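The same subunit A turns up in both complexes below, where it pairs with subunit B and then with subunit C.
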Partner chain A sequence: MNPLFLNALVWHIFLGIAAIIIFAGLPLLLRGKKLNTGLLKVYSFIGFFGFVGSWITGGYYYSFYYGKAIKGGILAGTTPWVHEILMESKEHVFLFLPFLAFVVLVIVNFFSKELVTNAKLRMNLILLSVAIVTLGIVITLCGFAISGSVVGKH
Partner chain B sequence: MSGKLKLTEGIILGSIAAVVFVVAITIVAELAAPLKGWLKNTFYHHWIGKSLIAVIVFAGFSVLAFAIPHKASLEGINRLLLVLVALVLLGALVIFGFFSYETFLK
Partner chain C sequence: MDLRTFITIAHITGTVLGVGATTFVEVFYLRFLRDGKIDPLENDILKVFYQIIRLGLVILVFSGFGYLVMWRLNFLGPVVFFSDRFLAKITVILVLLTVAFAINFRLVNHRVGSAITIVSWYGAMILGIWRKIPYPYYAIISVYAILTIVAYFVLRYLESRASAKHK
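Up next is the complex of A and B:
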């Protein structure tokens, strides 16, 4: 694997996990009676741009390297279902995340005052963040399984 | 305030449309080889095509929902957020279920 693909893979993982951690922190910030709206805005920006960065770097690695160098080995190995189910699902479910993160970003930045007074809006934003984290963890676990199924040196 | 409410409703509706689109194109492209071939030939890789079209669907629906005159409210945003969360979880289950079916049961 050349350094460009290696960097793309590393940044895809790093930015994706950073975004998941950020969105796991968001519900904790939203639970308190005194909201730190400044910090909420910072979290929502980092989370959104983390997923966008992970999308671009992961997309580059997946589209230009994985299909040619990795996929065939997994399909010919003992666990082809890792690609057929986990990778196929992961690559498509991931596409939800940047849009969801953008919705959080918009709400936190447009309605920071309303978040203090409107408990329903706060609860729905917590729900959305939990959904992002849940999908993010599932996708990350799929990534672990895919990495573990790679055959040979790359 | 009214502009922010309308724009936010539009963005949530755009996200709902993008999620529905991703689920639909994922399944349809697997079942219809010519569509997957067109995505690959046009965008180099089918996944790049799906990604770019999802962004276009999101932007299109967001602008459309913003442009159509209607009364936006925080209550509406709360309802749309619940719909979005439900569809996202359902969509993920459908995608995992579809590929599991295609792999083990077909």
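Up next is the complex of A and C:
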């Protein structure tokens, strides 16, 4: 694996985890009596760009390295379902995350006044953040299984 | 300092902060209960411990992924990734994350949350240290579940004893 693919893989993981942690923190900020809208905006920016960054680096790694060097080994190994089911699910479910994160970004940045006064909007944003974190964790677990199925040097 | 050493230091730091703060939050909570109530100053002290637990959890998760990247780059494969110890540790950490979230939103009561949190932190630490644990996944998780139930009753006893001193 050349340094470019290595960096793509590492940044894919790092940015994805950072975004999940940020979105896990967002509901904690939203449930307080006094909303810190400035911090909410920072969180939503980092979370959104984290997912976008993870998406781009992961997509690059998948398109130019995984398919050629890794996929065949997994399919020929003892756990081909890891690619057939988990990777296929991961790459499709992952498509949702930047868009869901974008919805949060828009609400936090353009409807911050409504967020302060509208408890229902706040609750729905909390639920959306929880959904993002849940999807993120599911995808992460798929990533564990995929990484764990890679054997031998490529 | 090489990357592995840095990740190990971070992982141990996260565990120390988490296990330490979880232990002391229970110790202080029981001490504060002696007068039958948690006053605002005591609540602020507990909040500091909860922030340290969160910090420990974040450091633990990031450094844990550091290990994963190294395993992946060294092609350690199913032997490590699908090992009973690793799967048990992931389960414990996921429970810990879920409960931390549930406590923050008061979806579980304090005693249940505390029992799960304290057993999970110590469980994660033990699974991290005991590298050649000879037991299968279901045995580790069964012990974890039993210890959580035991911890719940121990905490209930200690809380009632602390409150009794006030009465």
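Definition applied: the second predicted complex is superposed on the first by the 153 of 154 C-alpha atoms of A that agree within 3 Å, B and C clash if a C-alpha of one lies under 4 Å from a C-alpha of the other, contacts with A are read in each partner's own complex, and residues count from 1 in each chain.
Here, a residue touches a chain if its C-beta (ideal position, glycine included) is under 8 Å from a C-beta of that chain, and two chains touch if they have at least 3 such contacts.
As the structure is a computational prediction, the values presented were derived from the model and not from experiment.
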With the two structures overlaid on subunit A, would subunit B and subunit C clash, or do they fit side by side? fit
With the two complexes superposed on chain A, say which partner A:L4 touches: subunit B (first), subunit C (second), both, or neither. neither
Which superposed partner A:E114 touches (first subunit B, second subunit C, both, neither): first
Return, as a multiple of 10 degrees, the angle whose vertex is the Cα centre of subunit A and whose sides reach the Cα centres of subunit B and subunit C. 140
Should A:L39 be classified as contacting the first partner (subunit B), the second (subunit C), both, or neither? neither
Just checking: does A:L125 make contact with subunit B only, subunit C only, both, or neither of them? Give me first, second, both or neither. first
According to the stated criteria, A:S149 is in contact with first (subunit B), second (subunit C), both, or neither; which is it? second
When the two structures are laid over each other on chain A, which of subunit B and subunit C touches more residues of subunit A? B
Which holds for A:A24: it touches subunit B only (first), subunit C only (second), both, or neither? second
Overlaying both structures gives a minimum C-alpha distance between subunit B and subunit C, in Å, of 18
Touching subunit A in the complex, subunit C uses residues 58, 61-62, 65, 68-69, 71-73, 75, 77-78, 80-82, 90, 94, 97, 101, 104-105
What part of subunit B is in contact with subunit A in the complex they form? 4, 7-8, 11-12, 14-15, 18-19, 22-23, 26, 44-45, 47-48, 50-51, 54, 58, 74, 77-78, 81-82, 84-85, 88-89, 91-92, 95-96, 99-100, 102-104
Which subunit A residues qualify as touching subunit C in the complex? 1, 6, 9-10, 13-14, 17, 21, 24, 27-28, 31, 78-79, 130, 137, 141, 144-145, 147-153
What part of subunit A is in contact with subunit B in the complex they form? 55, 59, 62-64, 67, 81, 84-85, 88-89, 91-93, 95-96, 99-100, 102-103, 106-107, 110-111, 114, 118, 120-121, 124-125, 127-128, 131, 134-135, 138
